[in-house]
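Chain nomenclature is as follows: A, B, C, D and E, assigned in order of appearance, with residue numbering initiated at 1 for each chain independently.
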Amino acid sequence: MARRKPLSKIIPKRKSKFHKKKGKAPGTITYMGKREGGASVVNILEYNESSFKEHTPGNIDEIAAHKDPPEISWVDVIGLSDEIFIDKVGKRFGLNPLVLEDVVDTNQRPKIDEYEGYIFGVFKMLYINEEQQIVYEHVAMVMMENCVLVFQELEDDVFKGVRNRITSKSGRIRTRGADYLFFALLDAIVDNYFEVLEHLNEKIERLEEVVYDHPTPEVAQQIQEVKKEVLKIRRWIFPVKELISRLIDSENELVTKDTKVFLRDALDHSLEINESIQIYREMSMSLMEMYMSNMSNKMNEVMKVLTIMASIFIPLTFVAGIYGMNFEHIPELQWEYGYYYFWGLMITLFIGMMIYFKRKHWL
Amino acid sequence: MARRKPLSKIIPKRKSKFHKKKGKAPGTITYMGKREGGASVVNILEYNESSFKEHTPGNIDEIAAHKDPPEISWVDVIGLSDEIFIDKVGKRFGLNPLVLEDVVDTNQRPKIDEYEGYIFGVFKMLYINEEQQIVYEHVAMVMMENCVLVFQELEDDVFKGVRNRITSKSGRIRTRGADYLFFALLDAIVDNYFEVLEHLNEKIERLEEVVYDHPTPEVAQQIQEVKKEVLKIRRWIFPVKELISRLIDSENELVTKDTKVFLRDALDHSLEINESIQIYREMSMSLMEMYMSNMSNKMNEVMKVLTIMASIFIPLTFVAGIYGMNFEHIPELQWEYGYYYFWGLMITLFIGMMIYFKRKHWL
Amino acid sequence: MARRKPLSKIIPKRKSKFHKKKGKAPGTITYMGKREGGASVVNILEYNESSFKEHTPGNIDEIAAHKDPPEISWVDVIGLSDEIFIDKVGKRFGLNPLVLEDVVDTNQRPKIDEYEGYIFGVFKMLYINEEQQIVYEHVAMVMMENCVLVFQELEDDVFKGVRNRITSKSGRIRTRGADYLFFALLDAIVDNYFEVLEHLNEKIERLEEVVYDHPTPEVAQQIQEVKKEVLKIRRWIFPVKELISRLIDSENELVTKDTKVFLRDALDHSLEINESIQIYREMSMSLMEMYMSNMSNKMNEVMKVLTIMASIFIPLTFVAGIYGMNFEHIPELQWEYGYYYFWGLMITLFIGMMIYFKRKHWL
Amino acid sequence: MARRKPLSKIIPKRKSKFHKKKGKAPGTITYMGKREGGASVVNILEYNESSFKEHTPGNIDEIAAHKDPPEISWVDVIGLSDEIFIDKVGKRFGLNPLVLEDVVDTNQRPKIDEYEGYIFGVFKMLYINEEQQIVYEHVAMVMMENCVLVFQELEDDVFKGVRNRITSKSGRIRTRGADYLFFALLDAIVDNYFEVLEHLNEKIERLEEVVYDHPTPEVAQQIQEVKKEVLKIRRWIFPVKELISRLIDSENELVTKDTKVFLRDALDHSLEINESIQIYREMSMSLMEMYMSNMSNKMNEVMKVLTIMASIFIPLTFVAGIYGMNFEHIPELQWEYGYYYFWGLMITLFIGMMIYFKRKHWL
Amino acid sequence: MARRKPLSKIIPKRKSKFHKKKGKAPGTITYMGKREGGASVVNILEYNESSFKEHTPGNIDEIAAHKDPPEISWVDVIGLSDEIFIDKVGKRFGLNPLVLEDVVDTNQRPKIDEYEGYIFGVFKMLYINEEQQIVYEHVAMVMMENCVLVFQELEDDVFKGVRNRITSKSGRIRTRGADYLFFALLDAIVDNYFEVLEHLNEKIERLEEVVYDHPTPEVAQQIQEVKKEVLKIRRWIFPVKELISRLIDSENELVTKDTKVFLRDALDHSLEINESIQIYREMSMSLMEMYMSNMSNKMNEVMKVLTIMASIFIPLTFVAGIYGMNFEHIPELQWEYGYYYFWGLMITLFIGMMIYFKRKHWL
């Protein structure tokens, strides 16, 4: 039964973190996601305007060699459960221990931090999986001079488009630097938020229809779940606008002026997304209001039926009761047509009542 | 039946965008509106203080010739579904690919961006069509030194006044530059928002009257629709104030000091519009509150009728029941005037009840 | 009947404006108020510390002569429907066409604009007329070096005090410049807002009393009207605080340091007014809440009466029904005192029920 | 009866002010409190580290002599209804007429203004009187180089502690200047707000208990009164934080750096007070919510009783009605044990119903 | 019974403070917690990279010797009820009297103040005790050049991790200065907030399940208690983010650049905590909404049962009543199969009603 289904959680349990990390020094790297056991896979794309290579190196030295490549390289680490491996990679790329802590902390709020020599960002990729549920995938990205290092939880889905543009040489991407690649990945993440919003939109529209015709308690529960989903999504998406805006204002030389023009475009999109989330929030509140008003309307209808039935038949029953009395002298009982007069009275009362209720617009 | 009518959507579906654009590089131009198939029509007005010409050039070279005219020219491109054509025009006028992307993206949030040599703005023209519905028409405007380039979805309605002022030489418009024309168009868009607000106002007033007399569920639904309409309008109108304000503060030399005085006037109007939208929001919330209070009042009335009927006739029926009993010794039944005493008792009880309910202000 | 009375409008209809102005260039002067037909009356007060003159000049040259008087002059134009006359006066005093547009636009939001050589302000004078309704009178004021030019819709009421102070030489006003006069008029407008707030306060207090004793739907409607009135008043009063504050910060040499001290006092008052409006807003919301809770309480009372009546008499009727049955063998019917036993049972049940409901605090 | 008691007013009537002041120039001094007729009493404390004097001078010259004393003097004027006297004192101490206007305006919003040579502050002292009601006493304080001039409405209560510290030489106060005295008085006012909050807290807690057990309409009214009291208190307390903060940032040489350290402490307290007021606001809203939910719960209980009674006895009455019919051939009536079978059926139905309602958790 | 349990208090009673402190000068040290009588225990950890010592000195001179140790020392004073001792320690460490006042004021809002030579901070440690209740422990920390002085109410729980890291030489802590120790303690406090949030989360989830199945008034009360708990927690946690942020921006030389990198991490966590609290607030409001909607749904169900029972049996009873009448001529009574026809009619009516209610989805 739908009612008993535990509601999806907005805020992930931190107990695990708490128990895992309690007493550890800050900067200790601890994977916060569901441990999936499998080792990380590293996928490297290396390209410039004319050439393009893809490989999956086996050992850490090979990977580290791509930190300062002659061309642009995109190092994509998939799977974050192998903390030791992540730690090794991070150290070879010269990352701060605090950065590595955030790389594996799947509860980390979206952020962009500037360090010497690299820019580090954490985001949530949101997409709809095959079971029509929203997936929240943690992704961390490091932009260096000629290299973008990406850490993601699952085999990617959202970055497919960027990869295609590189392999098929479409658009500007092959002619630009690592900052453009970083931006293109960020743009892919932000663009995908629209898909999630669309998913929410559909849910809200479906509820809107159902709330008028069948305002069952299940509908109320679903409305509440949408409200929670909006809260949860907002939590992960909302800060992104601020982050991009700060990146545009930053004077870091890793971000070229040309790329900033494109970042402004992504800023526009994230602004639009935040406004939409706000609107969904208000719409889900309206839905609940609508539900309550429909409930109250149903109640009115129920009460009207009761009142009409009772108001008509209780007086009639009273009259019938009178002539069921055993007084010795009830003159009407001896009348020849008494019974028919009785029916006349009944019908008159009945019609009078009907007219009264019609006038009150209860019928 | 009104109930099942799908509600108008606040946030346009992005799936189309998503599916169309997914994987494309930023800066790729994709028309987001309803594809209407027809080719774009280009309408050019060329004027200075003394002369005035209007023509509809057939080929792209003729159009491009108006980029740097000896006089002021207003190039009006109507119909955005022919992406290839738009792309060509844009390139001939030297527009950035990102600008062209926004020109055809009908979901683009209002914005004003300054580029080298031109200022680019996207707005929504809102007006009421003949079926008394609000039309949201996407319009993009580019202001260059001597030329204003306008892209709009439909044959225009809102710019008629500006065109008349040019042809009839009324007001200052013929004596001023392209920046004044740009401002005049923007002012025409903003001024028309008042018409839409007026339309909303009428709807709210009509609902206000009806909510007192016939608070049916359909009224509740209409109130919710007004709330959604306010949300939707706000989405497109709200950012305009900020944009105009930024244009006034801008030091771009394309905007002359004289025009800024007029922009301040448009700023005033958009401030007023934003305040009005806020008030409509609160009024539509009050409407819902009123609806709920009236529902609850109707319920009270229904309950009172039931209670009065039941309270009067249930005891009377009980008394009639007593004298319908078949006990062998019920002295009252043998009384000669027992039946008349019974009626006396009934009438006394009835009048007592009536007085009681009158005192309680239930009658 | 009170219910059908159309509610007072918060936002004035703009359709008139729209239809009147559509297609006109910005800066075209169009009177937005109710056309009252009559010509404007101009009243001039001329004074310095020692002398004082009052006259009502007939022609425009006489009026314009007061632009740069040897003394301080207060030119008061009453009646805004004669646009041609207003336009002439404005031109003679060297006002910008946009200023003149605002002078007659009765929907103009309060504002203070600084122009070269003069400061222009638009406000709403609010006062209570004899029918105890709030009047919203549009007033525009221009402060020049030695002259204050006032445009107002109706024969004034709010400025009476200032006029008295000038004629009776009380206070500082006769010894100060035009900026002090401008401030004194502004202060008179702001001070009068308190009267309107007081009027609102009384309405709210009256509703507060009535909402406890007679929460009829009419009361709910009146509460909603107060809410709308608060919204409407806020719209006209709220911006004033910001305007005065900007005037204080302004470095315009027309405003002397001495006058700024007094402006700060007016700022204080407008701050207090804004806080009060906010409080009235919350109080009117509380009123509605109270109304709903009282409605729900009345419902509870109604239901209790019904439940008590039904719970007592339905079982009794059942018992009476039993002994009205025609079974051949119902031993109780033959008992000599059966009927009296029956009454004993009835009374016992009745008393038991009464005790039960007393315990539940329903009686 | 509690219901009809007029509610305490949040915003004092300004009509009196309006009528008193209308037409008067700004800077005219008009006492706004309840006229208490009595003359003002002036109490002077004069102290330095070693000596201490207290006297109550009779004439104005004696008082004015304390403006520039060799030691620190605290001039305490109690009673503000004698406007002429206040005016004289003010002039002898060189105060601006606008300051004097605020001294006697009991509706003045809290404020701190810096003038040349002195700092002027207006506050509300809040305390609980013996009838357990909140008293709002207007107090104005002027800090000069060696003198603090205090104007207060009533014989003081809140400043007792400061006076004791001076007379008993406890703490730093005797060794510090006038700014420290000013701060100590301000601190006494702010500290006393805690007492008022505590009073509110108790009221809310009492309502919290009562709202669960006896949610009568009187409770709802009391909740609304607490809400109004919170609004009223907030109005007078809220601005204080901002004022102290501005005093700390001020570069006025009258405030020494040492005193600023203590002011920061007062700032802390006023911050805490503002947060508490906010929390009380939310708690009183929760109370109302709780009240409504309990009302609705009581209604549910009432309805359940009605439904159970009706559902059990209406069908039974119907069955009894059947066997009360006078059909010639009703076979059951002739059965020897028909009456007992009837009782068997009745009891079965009754038990069945009871089980049904038990299952529904209605019993 | 749960209902009568006094609710936990959000804002601690200040009366005690008021009575204790009234009339005392600011800077007087008064312990605000529950007096626990016991003497304070002082625990000192002294360490550098190579060595490590722990002792519990008996007299004040020994303690004061650690103010400027050759190594890093952590002086931990446990128990705040012995004001004289705290005062002595404070004076030996050169603390400002106002600081000492805050050390023992358990109602002090979280704050960080910079003084010459030391930084002073007050926080609340929140943790869950064995009875599953939230403990609010007051803690004050002073960071000097080589020493961190901690005052806490109870034997610590939250700092255990930091102590372990020092003794076990894990992490960086042994190689860093006092500022790092200060940060590590602050980080421990903030990290523990997650545990409290988790506790809240569980409560809300439990209520979410129960609100669907058994929306009793007890559940409403528990929801209100969670709302209060969120308010209370927010009060103590919310300011921390601002404080850390100010510490990062501070130019105080006691905080090294290296430590600031770690502070930024703590800032991140406090940001996340504040967002979570906000979400819990909204969730608890949704819970109440859900409760109300379920109540209203239960009411609907109750009313439906009543209406169905009444609508079916009242008309049937009426018909039975008719044939219980004693008219001399009721033809149906003489019919041979009259009684069976009657039953046919009854069953037809019954089935008709059932179909009607089925169609209305009431069954």
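The criterion applied here is as follows: a contact is a pair of C-beta atoms (placed from the backbone, for glycine too) under 8 Å apart; a residue touches a chain by one contact, two chains touch by 3 or more.
Computed from a predicted structure; not experimentally measured.
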Study note, to complete from the structure: Every chain in contact with both subunit C and subunit D is listed here as none
Check your understanding: Looking at where subunit B touches subunit C, is over half of the residue numbers used by both copies, so same, or under half, so different?
Key -> different
Check your understanding: What is the distance in Å between the mean C-alpha positions of subunit A and subunit B?
Key -> 27
Review point. Between subunit B and subunit E, what's the gap in Å when you average each chain's C-alpha atoms?
Key: 43
Revision key, fill the gap. Touching at least 2 other chains, the residues of subunit E are 292, 296, 299, 303, 306, 310, 314, 317, 321, 324-326, 330
**Study point:** Chain contact topology (line, ring, star, complete or other)
**Key:** ring
Review point. In their complex, what parts of subunit C are in touch with subunit D?
Key: 160-161, 164-165, 170-173, 184, 187, 191, 194-195, 197-198, 201, 205, 208-209, 212-213, 261-262, 264-266, 268, 271-272, 275-276, 279-280, 282-283, 286, 289-290, 292-294, 296-297, 299-300, 303-304, 306-307, 310-311, 314-315, 317-318, 321-322, 324-331, 361-362
**Study point:** Sites on subunit B touched by subunit A in the complex
**Key:** 3-4, 6-7, 9-11, 13-15, 17-18, 21-28, 96, 98, 101, 107-109, 111, 113, 214, 217, 220-221, 224, 227-228, 231, 235, 288, 291-292, 295-296, 298-299, 302-303, 305-306, 309-310, 313-314, 316-317, 320-321, 323-326, 330, 332-334, 336-339, 342
